[in-house]
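Should a chain be cited, it is by its letter among A, B, C, D and E, assigned in written order, with residues numbered from 1 in that chain.
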Amino acid sequence: MTHAPILIIAIPLLVAFLTPLVGMASQKGRNVLVVVSLVFVAFLVFALAREVASNGIQVYTLGATSPDLSVPTGFMVPVRIILEVDGISVFFSIIWSIVSLAAAIYSISHIASETGQTRFFTLLLLMVTGGFGLMFTGDLFNLFVFLEIASISGAALIAYRTKFADTQEGGFKYIVVSAIASLMVLFAIGLLYSQYNSLNIAYLAQAIQYTTLDKIALALFLIAFTMKTGMVPLHLWFPDAYSVAPASITGMLVITSHACMYAAFRICFTLYGGVINAPVVGWILIIFGLLTMFVGVTMAVYQKDVMRFMSYHAISQLGYMWIGVGVGLAVLGNPGLIATYGRDAMSGGVFHILNHAMYKPLLFFTGGALFHYTGTRDLTQMGGLAHKMKWTTILYIIGTLSISGIPPLNGFSSKILIYESVYQFHPILTITGIIVSILTLASFTKAFHSAFMGAELPEYKGGKEVPRSMLIGMLILAAGIVFVTLFPSLVVDWAIHPAADSLIDQGAYINAIMGATP
Amino acid sequence: MMEHVPLDFPFIAAALLMGVSLYIIIFKKNLIKLIMGVAMLAAGVNLFLVALGYRAGGGAPIYTGVIKETMVMPVPQALTLTSIVINVAVLALMLTLVIRIYRHTGSLDSEKSRKLKG
Amino acid sequence: MTFLLESGYAFWNPLIWIIVFIVLAVIVYFFRRRGQKGYKKDTDQTRIFLCGEEVPEAGERHIRVGNIYWGFFETLKEYYEQILKPHTGIINDYILWFVAITAVSVIVLLAAGLG
Amino acid sequence: MLSKIVRTVANGFIPFIMIFGLYIIAHGHLTPGGGFQGGAVVVSGVVMLLVAFSSQELKKSIRERVLSIMESSGALIFIILAFIGIGTVFFYNLLVGTPIFGNVPAFGPNLGDIWTGGVIPLMNFAVGLKVIAGLSAVVLALALFSGGEEVEE
Amino acid sequence: MKRQVAGLILLLVLVAFLVLGMYLVHPFGYPDASEMDDYMIENSQEETGSNNVVAAVLFDYRGLDTLGEATILFTAVTGVLLLLRLSKRKENNS
């Protein structure tokens, strides 16, 4: 069990290296191998989550004589790569394991008519590896490497349907943006290394001085990661890349953007947590979050392409998370305010990440089902599809009610946390949030009417419901939505509050590695 | 540290290289030139990284044969090696996508390949 | 009580909502089955009636997405003209935005450090 | 397909390039270089062949399938070498002190013993195999595609 | 046009900050701190048995980075071969 962190990273990698060899032998065996390995990884993730919940932060030192020997004996500085898993990492990895499993199952029949399926699944597993490594590593340069793995595999998968021109364009935009953001992150890592001669996050958090170079590095980290996340002035690549990818990959890309959000949290709260000028950075995040919510939803109402429309909604939902966590960051230096509403705001933001990671991939999958049925993403050519796609319609309704915060579904339970806690920080945030929620419901109603309602169109009479594996992939996420809907306080107590506390409590993260040294 | 300022030349060169490459990426509409800009940006970052580890009068950190007394720091060299290979991979994928775009649209102008907008 | 969510200042319980929805559904069903039962399928009783005009085809009957919320976009025309301006799908502009926001945030952070 | 002189010179040079690349791979733990660099050198020889002879000529002798099998096996060897240390810790250098590459040099400058480094030389070989196969596959695929053909899946 | 000028100005501002930062970095050739690297130079021979400290760093101290690096190369090769594949399946093997 002590090897769980590295096994979760290494097993998808091993299976990804095996997949081309197995795929030459048989296609079905390859699919079985991929799904079974992802199920096994999901079990490992849940076991690791229980371990973290009971025994606190897990540290794994690679290549040392013992996994918990983070600092060499008789030495003050960690020299090896260290994986450090705390509440927020485990929270994100649970989301990532569930969504990647659903996406893999969904892909099997979603790409059944295409060529190059073996390489598709290889890249999907590599993307899973990159996400897990991004969430578990405690080393800055290693974080950059895994970020690149996720970006490159994501770009290749976005451009998977090579016979359309727009897919190539979307993949090119994605990889250019990712490459430049990653290079800026690498430059900032070099700035930190030049001063403190270390790459370990815990050691840097202990030694950091917040000099001018650290401020430049913080700006580069923050803007690069928020661009990868899709924050509004930098969101322009986001719909281009997400709307053209295969639907299963779009569902996974949502979680990779959440993983970049995790990296931004890690930088702000853990690396710079002790010295950061919290109100300024918190207000930067809050203002960007307001812009993100409003511009995203207004652009979404305008869209006519179903996947672009959902991508803009993904952008606008990110705003809730930035606002919740930004309020928590803005009051970070003030324990009284943290206890009053900061912790609730951060819990709301983190809880909204969980809910968004459940219903947004579900909605993308239903959009992919529409594409699978009609062969187009254009809403103006759709209509009356509810006559033939009953399951897809039901799942779309579940996702719609959940994303627009209709009680009793889970979207509401996180939004109420955000509203009530953020209102005490500044009322305008809550008001904007409610307006955005209303516009979200309106735009999804519009899409629902134009795609599913109405008389059955003659050109779509012949088709039938999407294949079973796509339905299974969607039902996994719908089951997650129902679970979070029914047991909100269970989820909040066991997953959300530990995650938020591990963000607030910087000392624990440092002591887990530097504990032996004064 | 004024007496050391002239010695800072590699860092300044890295910063200027990054600036020039950012200018290319922003203002050149040709996709191949854009890829060249990304490669130059990577070169600037790599130059900065590898210049960090230099010690005055240091030799390569290898114990085979005759060596100097002072060795340069090994970690920045390892990081630079890794990032060079990563950038090779990124450039290969970018060029592939550009070839595909050229097959589809018949042009390398970034203003012509804007089917996705709004 | 695992159903109860304490949000710090209020609580809410999905069970209450579910029960309310079930009750509403029962009431709706009650009213619905008090309606006419004499209709026969596939006769003129169930066909669409437009004052004697002939009913258009399914394709024309369906309101397409372009025609929904027309007034909304008409009211916010200026806003949409402004907001669509940055969305030129040119990759160079994306990087331009990135560089601009980075420069601004560097200035903000350094200025905050001074003050 | 270039002129006869170029092809003859390429034929003459290719063994030296290959041997130099393999030398760099094999001595990665003693001298500057390693798997990536040596693999790049070997692939430069492949690129020279590609320039001298046409890509169709090369396609007859090098098959995509073989290249991807080589690459996967190289990556698998690498990660398995990392896995064998998992009795202690992942990436633990298990072979130090064993007969295979297990000698430990005394501290300070020495002439270099090929049997040192533990798993490092083996990892260098794995990475070299992988880089040779992968980069030649990329170069060949790009050349063939710009020549008008497409790669089989 | 106005957008281009504003972008150019902001780019110059960013480059100016970068050059300023470069002056604040430690003078070239005289690093501020080097505990980690000194530890590696001292102990790489007895811990990994490798004369080449850079190789020791690549494959032992920071092995996961090199594994990720090889993975990235694998990813790029797979992606290139995926994107250059036949876009439609041939009849004989379908």
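Operating definition for what follows: a residue touches a chain if its C-beta (ideal position, glycine included) is under 8 Å from a C-beta of that chain, and two chains touch if they have at least 3 such contacts.
In this text the structure is predicted, and so the values were computed from the model without any measurement.
Each step here moves to a touching chain, and the least such steps from chain B to chain E number 1. Chain C and chain E have CA centres that are 43 Å apart.
Chain D and chain E have centres, each the mean of its CA atoms, that are 20 Å apart. Averaging C-alpha coordinates per chain places the centre of chain A 23 Å away from that of chain C.
Centre to centre, using the average C-alpha position, chain A and chain B are separated by 28 Å.
Counting partners per residue, chain D has 30-32, 36, 68, 72, 75, 79, 82, 91, 93, 105, 110, 112, 138, 142, 145, 153 as the residues that reach two or more other chains.
Of all residues in chain B, those that touch two or more other chains are 18, 22, 25-27, 34, 52, 60, 62-64, 73, 75, 79, 81-82, 85-86, 89-90, 92-93, 96-97, 99-100, 114-118. Shown for chain C are the residues in touch with two or more other chains, namely 84, 87, 89, 91, 93, 95-96, 99-100, 102, 106, 110.
Looking at which chains touch one another, you get A-B, A-C, A-D, A-E, B-C, B-D, B-E, C-E, D-E. Within the complex formed with chain C, the residues of chain A that make contact are 169, 172-173, 176-177, 180-181, 184, 210, 212, 215-216, 218-220, 222-223, 227, 233-234, 236-237, 240, 277, 280-281, 284, 295, 298-299, 301-302, 304, 341, 344, 379-380, 383-384, 407-408, 412-413, 416-417, 420-421, 442, 446-447, 449-450, 454-458, 485-490, 492. On the side of chain D, the complex with chain B involves touching residues 30-32, 36, 105, 108-112, 138, 142, 145-146. For chain D in complex with chain E, the residues that touch the partner chain are 28-32, 34, 36, 64, 68, 71-72, 75, 78-79, 82, 91, 93, 96, 101-107, 110, 112, 116-120, 123-124, 127, 130-131, 134-135, 137-138, 141-142, 144-145, 150-153.
The residues of chain E lying in touch with chain A in their complex are 17-18, 20-21, 24-26, 31-37, 39-40, 43, 60-65, 67-69, 71-72, 74-76, 78-83, 85-89. Interface of chain E with chain C (complex): residues 3, 6-7, 10-11, 13-14, 17.
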